[in-house]
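Chains here go by letter, A, B and C, matching the order in which they are written, and residues are numbered from 1 within each.
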C-alpha cells in the first residue's frame, strides 16, 4: 500500500499549492524577457503586492508574444518597449490608457578590435552601413521585438538591405543574442540594460556606438481593454498602472541600479 | 573545468542556504510531475494493456499512431493545449492558462503515449502462459488480464518511471503553459532556461545538478516500489 | 458411465494447416485416459479445446450433454469445472500458498477455509510446510507438485494434464502417478498426455492415440459397437449430474 501513501502525500502537496494560489487576488502581467532579466520587477512589484494584498504573475516572453497575450485576454496588463506595436495594440482596441513609464537606450556593441571601424561613424545608421560594407558578422534578434524593430528602422535609414552569411537572424532574446555575438565576435544592437548585465563576466564585447536620439528605447504600460475582454481585472490593472507611473513607482525605477549603474531613466515632468 | 567546479559550489551553496526560490522551483517541478505521471498512468497503462491483449480491426494502425506520438515535441503539445485553454480557446472560460494545473494537463498528454508504449512492449514480451493459466484456474477474462498486469509489475513500473523522467525533464510545456511565474509556475527546468538566457551558465548548471539530485531521489523511491 | 465430452466433426486449423481433425470421440466421466502421439500430433491442441481455452474452427463440442457455447459468460462456468495443467506450468509471483490459493480466491473462498484447503493440498503432494516458500525458488519436481496442488485444490470435474511426468525426479514421479491413478475413483475425470510408452500400461485407463491430428487405433466413441471385454460402452447422458463430488 506504499503507492497509496505516496498518492496522499502528493495530493496534499498539490492541495496546498492550489489553495495558496486561490488565497489572494492575482494580476497577470506580460512583459519582455529583458525587462524581467534586468531585475527591476523584483524591486518594483513587492510594495504594490503587499499594499493591495495582490500577487502579480509576471509572464516574460518575447515582445510579440507579450502583446499577443494581451490581445487574447490571457493577461490583464502589458508592459513592453515597442512604441509602434504598442500604438497598434491600442488602435486595434486591445488596450486602453497607455502610459509612458521609463526609457533607456540602445547601443551598438562589437568586438574590441572593431573590424568595421564603426567607432568613427557619425550616426547609428552609418555604423550599420560600415558593418554591411565590411561584411562583418552582425547578429540580429530576428524576433519582431522592440530591439528588432529598431534595428530594422536603422537598416532602412542606412539604405541597406542586410543579406548574406554575415547577417545572422537568431530568433532569440537579447541575452542569448549577446552570447551568440560574443562567441562569433560580431556586432549587435542591444538595449543598455541587458548589455550592462552581461558586461564583464559574460561578454567581452564593448560599446562602439551610442548616444543618438534614434537609439531611444521607451517603455510603455497598457491595461487590456475590458470592452474586448470583460473578464480582465481592469480596476486592479489601472491601480497598478497608477502605481508604476506615480511618484512611488518612478522613484524605485530611477533608483534601481545594476552593477552600480542605473538601468532605466524616468521622464522629467 | 573551472566552470563545472563553480557550478558545483553554487549548487551546494543554494542547497545549504535553503534558497527559497530554488526550494519553490523544486516543489513545483516535483508536484506537477507527480500529478502528471499519475494521470498519465491511469490513462496510458490500461491503453497499453488493451492494445497488447485485445485484437481488433485497425490495431496495427493504432500501434503505429502510438509510436508516432512518442515523438511529440513538447512545444507542440504546449501549443496545442495553449490554443485550447487560452481565453480565446474553447476552454478559455476556466482561466487555466499560466497555472500549475495547465502544466499538469500538458505533461499528462506528453506522458500518456510513453506509458502506453512501454506497457505495450511489456505485455508483448510477457510469458504467453500467464493468461491461459489464470483462465483455466477459473479467473474470468478481466481477472486474467489483471493477473497479467500484476505479474508484469516490474515492466509496468518501468513505464511509470520512464513517464516521470520525461515530464520532470521537459521545459517546453512548463514554459508555454506555466509562464515561468516566480513562486507559482517556475519549475527547475524553466528556471534553468531563464538563467541560461541571461548568460548565467554556471547558475543554470547548478540548478541542473540540483534537479538531477531530486530526480535521483524520486527514482530511488520508485525503484524501491518496483522491487517489492 | 456417463458421457462427459462428445466431439463431433471437430476441426482446428491455423491458417491453411489442419492440426486436429476428430470426427467422433466420447470421453466418459470418472475415467482415466492417456493421450499419446508424436510431437505435433495435436495432443496439446485437443487438451486446449477440452479445457475450453481454444475454440475449434468447426464442429460441435458437447459437455455434460449440452452443446458448448463459446461465449464469455458460459465459458467462465465451464472453465471452473475443468482445469488444465500445462507441460511446464507457470507459477505466479509470490509464495507457494498464494499460488495454490489462486483458484480459491477467484471462487470467493477466503480466510480460514482457504488456508485449510491450501494446507490439505500441500499435504496431498508431499509439500507440507512449503507455504511460505517463494514460487521462484523451487526445484523442477517441487514446482510440478505445486502446480498439481494448485489444480487439485479446486476439485475439478475434469483434470487435463500435459506431460505431467516429463521432467520430474523419480520420487515426484511416483507420488504424482499415485495421485493421478486415484483421481477417477474420487470423481475426477483425468486425461493426460504422455510420451512414455510404459505409462498407458502402468497407469491403466483408456488410450487415445493421435497421428497428425487424427485418431487412430481403437477409438472410444459412443457409436461404436460394443466389443466383448474391450470397451465399456458409455451410456448416453440423461441429465447432467447436479453434484459430481462423491469424495
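Assume contacts are C-beta pairs under 8 Å (C-beta built on N, C-alpha and C of every residue); 3 or more make two chains touch, one makes a residue touch a chain.
The model shown is predicted, which means the values in this text are computed figures rather than measured ones.
Any chain bridging chain B and chain C, meaning touching each of them, is missing here; the list is empty. Of all chain pairs, the one linked by the largest number of contacting C-beta pairs is A-B.
Ranking every chain by how far its Cα centroid lies from the centroid of chain C, the top place goes to A. Distance from each chain's C-alpha mean to the overall C-alpha mean is smallest for B.
Taking each chain's centre as the average of its CA atoms, chain B and chain C sit 47 Å apart.
Annotation: 79 Å between the Cα-based centres of chain A and chain C. Mean C-alpha position of chain A lies 32 Å from that of chain B. None of the residues of chain C touches two or more other chains.
Remark: chain B residues 127, 129-130, 132-141, 143, 147, 150-151 touch chain C in the complex.
Only residues 27-28, 31, 34-35, 38, 86-88, 92, 95, 97-101, 179-184, 194, 196-200, 221, 225, 228 of chain B touch chain A when the two sit together in their complex. Chain A makes touch with chain B in their complex at residues 2-3, 6-7, 10, 13-14, 17-18, 21, 28, 33, 37, 55, 57-61, 72-74, 172-173, 175-176, 178-179, 197-198, 202-203, 229, 231.
The touching residues of chain C, counted against chain B in their complex, run 48, 51, 53, 72, 76, 79-80, 82-84, 86, 89-90, 92-93, 102-103, 106-107, 150-151, 154.
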